[in-house]
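A single structure is presented below for examination.
By letter and in written order, the chains are A, B and C; residue numbering begins at 1 in each of them.
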Amino acid sequence: MSALLEVDGLTVGYGAAPVLHDVSLTVEPGQIVAVLGANGAGKTTLLRALSGLLPPTRGRVVFDGADLRGIRVERMVRHGIAHVPEGRGVVTELTVDENLRLGGLWRKPQPSLAPIYELFPRLAERRGHLGHQLSGGERQMLALGRALAAQPRLLLLDEPSLGLAPRVTAQIMALLRDLRDRTGLAVLLVEQNVRSALSIADQGIVLSLGRIAARDDAAALADDADLRHAYLGF
Amino acid sequence: MTALKDRVTARMVAPASRRRLNPYLVVAVGAALVVALTYTLPPFRTYQLATIGAYLCVTAGLTVLTGLNGQLSLGHGALMATGAYTLALWQNKFNLLAVGIVVAMLVTTAAGLIIGLAAARLRGPYLAGLTLAVAVVVPSITSTFDETFNSDQGLSVVLNPPPESMTVEQWQAWLCWAGALVTVLALALITRGRFGRDMRAVRDDETAAKLAGISIARTQVWTFVISAACAGLGGALFAVLAQSVSPGAFPLTLSLFLLMAIVIGGLGRLSGALIGAFLLVALPALAHEIGEASGSQRLEGNLALTFFGVVLVVVMLAAPGGLASLRVPRSWRPSHTTRKKKH
Amino acid sequence: MDRFLFLTFDGLSRGAVYAAFALALVLIWRATRIVNFAQGAMAVATAYVGYSVADATGSYWLGFAVAVLAGLLLGAGVERVVMRFVDHSSPLNGVVVALGLVLIIQGVLGMIYGNEFRPAEAPFSRDAFNIGGVALLSRYDVFVFAAVGAVVVLLTLLFTRTPTGLRMRAAAFAPDVSRLLGVPVGGMLTLGWALAAAVGSLAGMLVIPTELGLHPTAMDVLFISAFTAAVLGGLDSPIGAVIGGLIVGLVLSYISGYLGATVAPMAVLALLVVVLLGRPDGLFARSKARTA
């Protein structure tokens, strides 16, 4: 099977100083790849570069056989890439329903939101509430649901556990695995919460100071005590 | 606390303390130059020279307000009108020019204090909107109190003839440039002292300035008052130059012209104010000549208007960072754009 | 009492125009955090175009339609050509550029049409007709209410009921997130400016026959009133702009009616000062200090 996402030699910088050096990775369809590393390792930059928010200075990103160079951010979702940004990016001035509709707006005809509400019954209850009235967990579900409404093939997920109670984090991780199993969704998961991420990931990549420091099966990474101490802090 | 304040403000404006021209020397050379010019230029050019001097009073005060303190005022045309009308009323009653000019400045300063007090609580577009309202509304006051201000016709200004050894134009040029040079000297001394540092500190980062013990509101109000006094002086000189005052001489576009002049001249520099004042006289004169050459009356004033507008827009779009980058020296603002970056 | 009623209706009619114009300001402010100080000049420019067409063809309605259409195009053009390239690090940059546009537009209008007031005919009688023995409002007032009401209803429908409206709101509130969701944010901005300018043009067409006529600076005072209305409503709130417009209209109508028309401009200034210093967040604002 050919890779869904192929990143080759990606280098990204703000101004003169590169934040990401020569990063290569692949994501297969239906695979969950966890990107781990300390603050400032370049995890968020990697996702922003993949979705086109930051133009890479070097390197190639191929998605489903198509080179993504020069594709505008607002076209990415049409290629099947959905990016849930750090801090979730719920539009707080819009209602839950409007946020969700926004996710599938580019599709013609617009998809029904019923499956999303089925997936997140809590959102259905709060359908008419404004984004800023939601709790952190609800916002994360909303951001996730909105991304899924676009029916993507690859989900770029930035720190979904940030600020959430462990129970809620566990729910979201379980949901991701379930989605992958049912729909073949591929996920590139950036996380500080290493344990949670590795618990559902197939593969793990460790970034350190903008370079790939290690990559392995998730289970192997979780067992590698030296690596955990050196880069992941547990 | 004071030590911290000194350190913080000194860091903020460090490059400003590099060697600069001695302001007394500059003013002395300027005075000599003006005197020399008034004996060499033809009368009309001397009159234009006088006009530049009158404009310089206003642009110098405005560039300090906007460039050094970061407050945008679109109301300076109205403040000029205040000074001009005060002088006209005074002259027609007492005919004592020297006192009249001081009174005009005082009255305008009082008006500036009122606007400044409001302005210190406002930022960005709100301040712009308020001062714009002042610029639009103040000329209409002449109709509200038409018995005093004689509505759209305005007032003529009683003036004694100049000393016998001088022409009217020479006398006007001397008067206006005396005002302009005193203004420039005063502003140069104020802005290089502690108050100047406070002004810049408030402009660059209000929170940091506040932490350093600078009173934001007081700094802003004082700056506004100072620049209002300058505008009052300029307005009074204009009344002398034109020997009349009318609301039509102080439209909104005058305020916009003043803004354009300091932006193009280089925001926050007194030399920029001079360039701006020169442009305010030269560009309309140029437009006037083009208008006459083409024989179209409609072209005359409007060509200058259009030209000013185009230059303003082009300068703003061409300068990366907009207004901030037009300030000099540029090294004052290195961190502003990088600060927001995250990854 | 009759006079009070008359002034009330007159104030509501003026206020409806302020409301439309304030709405135009709010649309652009929400989307770009720029107060479009060129809005008045842009509206005058399109009104000149509209009346030129009306004079040439003899049809007011054709001129009216052309003016609104010209507003759409001018708004889109201003956004595409100028405003898109304004640096947003300081809110003053947008203000200064808009003022530059004011100079350009007023200069060009003066060159083409001259700086005299040109009479502008109203399409309906401005004489008040009697309702129950009291002269309250004119046919023209009714037209103003209908036109502004239609604009408010159409904009509400656009923003709350259509996908494009949802896109526009999302793009205004959260541009980066919206792009990730496939919303062409740049296009939404252009559309927002176009719509706002068209609404401004409509307000201009409505107000100019009630004033001295066409002049390059004809909208200066109206702009101040509308700005006051928008600030009163909170600058972020379309509903606030409409209510603010009506309030400003009423206040000015009573003041002109009881104290004399020449006091009205000063009253606007006083009202603006009171609003800015007294209700710094507008009547209906939830958050955000006046420092934006």
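Operating definition for what follows: contacts are C-beta pairs under 8 Å (C-beta built on N, C-alpha and C of every residue); 3 or more make two chains touch, one makes a residue touch a chain.
As the structure is a prediction and not an experimental result, all values here were calculated from the model.
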Fill in the blank from the handout: Maximum distance between Cα centroids and chain A occurs for chain B
Fill in the blank from the handout: By C-alpha centres, the chain nearest the middle of everything shown is C
Problem - chain B and chain C, separation of their C-alpha mean positions in angstrom - result: 31
Fill in the blank from the handout: chain A to chain B, mean C-alpha position gap in Å, rounds to 55
Handout entry: Computed distance of Cα centres, chain C from chain A, in Å
Key = 43
Handout entry: Multi-chain contact sites of chain B, meaning residues that touch two or more partners
Key = none
Practice task
Pull out every residue in chain A that's touching 2 or more other chains.
Solution key: none
Practice task
Spell out the part of chain B that touches chain C in their complex, as residue ranges.
Solution key: 70, 72, 74, 118, 121-126, 128-130, 132-134, 136-137, 140-141, 143-144, 146, 251-253, 256-257, 259-260, 263, 296, 298-299, 301-313, 316-317, 319-324, 336-337
Exercise for the section: Provide the residue numbers of chain A that touch chain C in the complex, in ascending order. Expected result: 51, 53, 72-78, 82-83, 85, 89, 91-94, 98, 101-103, 105-106, 110, 146, 150
Fill in the blank from the handout: Given the complex, residues on chain C that touch chain A span 163, 166-167, 169-170, 173-174, 176-185
Completion exercise
Interface with chain B, chain C side, in the complex: residues 29, 34-35, 37, 82, 85-87, 89-97, 99-112, 114-115, 217, 220-221, 223-224, 227-228, 231, 260, 262-263, 265-266, 268-269, 272-273, 276-277, 280, 290-292
